[in-house]
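By written order: A, B and C. Residues from 1 in each chain.
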Amino acid sequence: MYPEDLRYTREHEWARLEDGRVRVGITQFAAERLSDVVFVELPAPGSTITHLETFGVVESVKAVSDLYAPVSGKVVEVNPALTERPELVNQDPYGAGWMLLVEPTDPAEFAGLLSAEAYRALIGQETG
Amino acid sequence: MAEGDFPLLIERSAPGRVGAAVPASDVPDVPLEDILPAAVLRRAGPPLPEVSEPDLVRHYTQLSQRNYGVDVGFYPLGSCTMKYNPKINEDAARLEGFARLHPYAPDAQAQGALRLLHDLERMLAEVAGMDAVTFQPAAGAHGELTALLMIRAYFAERREARTHVVVPDSAHGTNPASAAMCGYKVLHVPSDARGNIDVDALRRVADERVAALMLTNPNTLGLFEERITEVEEIVHGIGAQLYLDGANFNAVLGITRPGDQGFDVMHMNLHKTFSTPHGGGGPGAGPVAVKAHLAPYLPVPVVVREGDAFRWDYDRPRSIGKIRSFYGNFGVLVRAYTYLRTFGPLLRQVAEAAVLNANYLLALLRDTFDLPFDRRCMHEFVLAGTRQKREYGVSTRDMAKRLLDYGYHAPTIYFPLIVDEALMIEPTETESRETIEEFARALLAVAEECRTDPDLVRAAPHRTVVSRLDEVSAARRLDLRWPQADPPG
Amino acid sequence: MTRQTAPQVTTAWTPHKYLPLTPDDRAHMLRRLGVAAVEDLFADIPQSVRLLRELNLPSVPSDADLLRELRELSRQNGDADRLTCFLGAGAYDHFIPSVVWHLAGRAEFYTAYTPYQAEIMQGELQAAYEYQSMLCALTGMEVANASMYDGASATAEAAVMARDLTRRDQVLLSTALHPEYRQVVRTYTRHLDLEIAEVAHRGGVTAVETVRAALSEHTAAVIVQHPTFFGGLEDIAQLAQAAHAAGALLVVAVADPVAYGLLRPPGALGADIVAGEGQPLGNPLNFGGPYLGMLATRQAFVRRMPGRLVGRTVDTRGRRGFVLTLQTREQHIRRERATSNICTNEALNALAAGVYMAALGRVGLRQVAEVCVRKAHYARSRLEAIPGFRVAFPGATFHEFVLRCPRPPEEINARLAAAGVLGGLALGRFYPELRDGWLLCVTENRTRVEIDRLADLLGEMA
């Protein structure tokens, strides 16, 4: 399930524009491939992230995956619930499993991300 | 602790119990405060359990009965070479003159140990086709790191800036991890349709920024690298070093020698090929054997012979230094020495029997499981549980867990990463034909159960002291020690 | 060693006690494979690399002869049974209760592999969890791993861990840290963009002001040893404060953790990482190995800690069980991004250390440490009274101390060996300014008679 109102990266992150800020998480495809998430390592609020560079790590029992920033900017908020309940990433990847809220520095970056249709095509390629 | 839980030591503990006698002090009684300042002393003893000796013995004896060693049963873990651990090796290692020897004993007081190390070096160099051996690495991965550090030193002296190490995609995880620890970037090369390293792909990445190719041969698919001579030419053609991960050395002892294949350096796993016990995870030993051009970089000290005497030589200005304290896992080396003395030139029978056993077991299983690379295998082979996954929804993990119910340790699963639902099986040479056939029957029975009763397999194991354990919650809510009531000290 | 140059590639089969296959078995198996000879199974190996001769190895003795040879080799060593051992310096002759190796030597433990199939390896896994717990109790730290190779490499890994945690590129090493530990730290970090700087000891311990002066915003960690290589006592609390004030971590190395049976442990004093050698806990001297690397740290740092970790969990029926956990940090999954390359560790030595700690227990381990202190103190006072010998460093020591000698310590050692005594470490090999320095160790295993005899022998040499 890949909501139309989100945009996506090739590395399976999603981004949602909310009043000029960008909320970030990982897609259902990524969450399913990882299977049960046990830990999420995120940057501290106030730190800077850079478009397409890693900003953290998501860990399951069988893998550790890097997280790639959909946009550059300053981290305004980090989801506090994920410390106690990393499983939210699997249960509700686009809602309660969100990871970061970012104050973006370059609006062109968000526009340059994949649409839902393009993302579906991408993962169709990966699974097909 | 809940009903049915096996007690922890701390749950068997009661104040006032002692499990060992402590010698009384026979020197004049001086108040402790006159010797040490009160501020450095603990207020009370460390919060360790207090158990009597009989309870301690029961605890660990019962724990041992909840454990599976190769002395208990067949252990077909691919890539681990779980062969029989000979008992004469244990007797040798326990000799007081070895076990109670201090590492800083002066050379004159360590002649027996030094001679043993010298002779072991000669024997391993002969088997490997190499010129010199260091025993300092405590494990295979430690040996990999040592070898890469030596390679780096070699190129530094030649003022060649080589920044990359090439690794096949089938490589064991320690290979790229060791390269990274040495400051190298890793280039991956895929395997071809026959399971060999893709020589064309290797040629494409082979240039002067490459310091080394790390190869396992036979590789992690259990297959001999057929194009090894071409690989050697490519690697040496660009002036790089050819490294052998010797984890699978058991297949070729006395048949072919890595030095003769063109390898410049290799590590060996004494706890695999040379019968020393795995100890539940260690200790092992990962000696590194080198050709003469790399010998100056060996860790310090090395054993030298002068007439009929032996000594440690610390005068090694080009050495990479030390990668652990003292000289290595000497107790493990004594066991390997004894093993080699027990075989001598008959060592090649080990390889012959290992390869024969593996091929025979493969023949018994190949019709029931997918076989990603249909070639003559060496000492191990890789099957895939993809058929069972596709047709019955049962994973290789499930089948492995069900094998536990049949009284076996499961083979290696999900390695190498290039095979989906991989099942890697290595019987070793110390198994009888009957054991091989019984195991085949058990694995075939599990495959049949995938068809007739997949739920049973998916919920396995059923007959072990605990059923399938929840690894997810272990990682989510970390509990890595029993609760401690007292403050630290 | 006899050398044969037979040109054939397959030899006849000689029965061997470790090889169950009979000629009948082989014949049957080859028939099943449709192959004429075992040699055909090696067809993938190019002829050009085939070994066309027998291995040049000594011919096989009988078991009795082999043991005779090995016994003879072992008798050529001045081990701690034949010579009275006053040598420490990173390997310690403590008494090992008989239970330790009767239990650790059980075949179900020592012939087992790494416990990846947890359901049939609850024995090793629980023993490792208990060891981790007891190590935390001993060091005062919150979490400990299931073993590294030895104290030196554990210290090196701690340095790398500190770099990763602080993202800084310098480590300060006290020269009161074991010289071989320092060497190994340098080797491990040579290519990791980590600067190693040394802080000179004063009087056998690390002066806090010296450390403060050396700390900067580049410092990832300060590494000291407590008790020091010279047996002295560091001011861990002050060192921790100084390091933390500069945003650095304090790593405390320990070569004889028996000391923490009596001394306040680093965890109680602000240490961030403890790296140590577990050989003194129930493991024989073994000419330097196998030993036992220990690593313990704060809960918050656990994901950066290399090595295996055992965690508690439940099975499908809610029963308590143990598994390897956080494996995704390790090499077999994370590969080049792993916290370390370590795979095989020193699990059996950790199990033995667990038995040792449990056997001595809360009261016994403190007593052993206390007896060590008393005996060392007695030896120190007897020896410094001998003309020509004086204690090198003024401070209090645990069970090792340095004497300055009237003649070269190497010479003293040679004469002592002839009298059946293994003398202390001549320090000139590591510390040029201590050419007359002699590092002696007295554990609970030394008797008063032995100490008095040492004093008598030295008195004759003065």
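Criterion: a residue touches a chain if its C-beta (ideal position, glycine included) is under 8 Å from a C-beta of that chain, and two chains touch if they have at least 3 such contacts.
The structure presented is a predicted model; accordingly, all values stated were derived computationally and were not measured.
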| item | value |
| --- | --- |
| Maximum centroid distance from chain C, chain identifier (CA atoms) | A |
| Central chain (by mean CA position) | B |
| Inter-chain centre distance, chain A versus chain B - centres from mean C-alpha coordinates, in Å | 38 |
| Approximate Å spacing (C-alpha centroids) for the pair chain B, chain C | 18 |
| Separation of mean Cα positions, chain C and chain A [Å, integer] | 44 |
| Multi-partner residues of chain C (at least 2 other chains) | 328, 333-334, 337 |
| Multi-partner residues of chain B (at least 2 other chains) | 471, 475 |
| Multi-partner residues of chain A (at least 2 other chains) | 39, 59-61 |
| Residue ranges of chain A touching chain C (in the complex, touch as defined) | 39, 41, 59-64 |
| Interface residues, chain A side, partner chain B - complex | 36, 38-39, 59-61, 86-87 |
| Residues of chain B touching chain A in the complex | 471-472, 475-476 |
| Contact set on chain C toward chain A in their complex | 303, 327-329, 333-334, 337 |
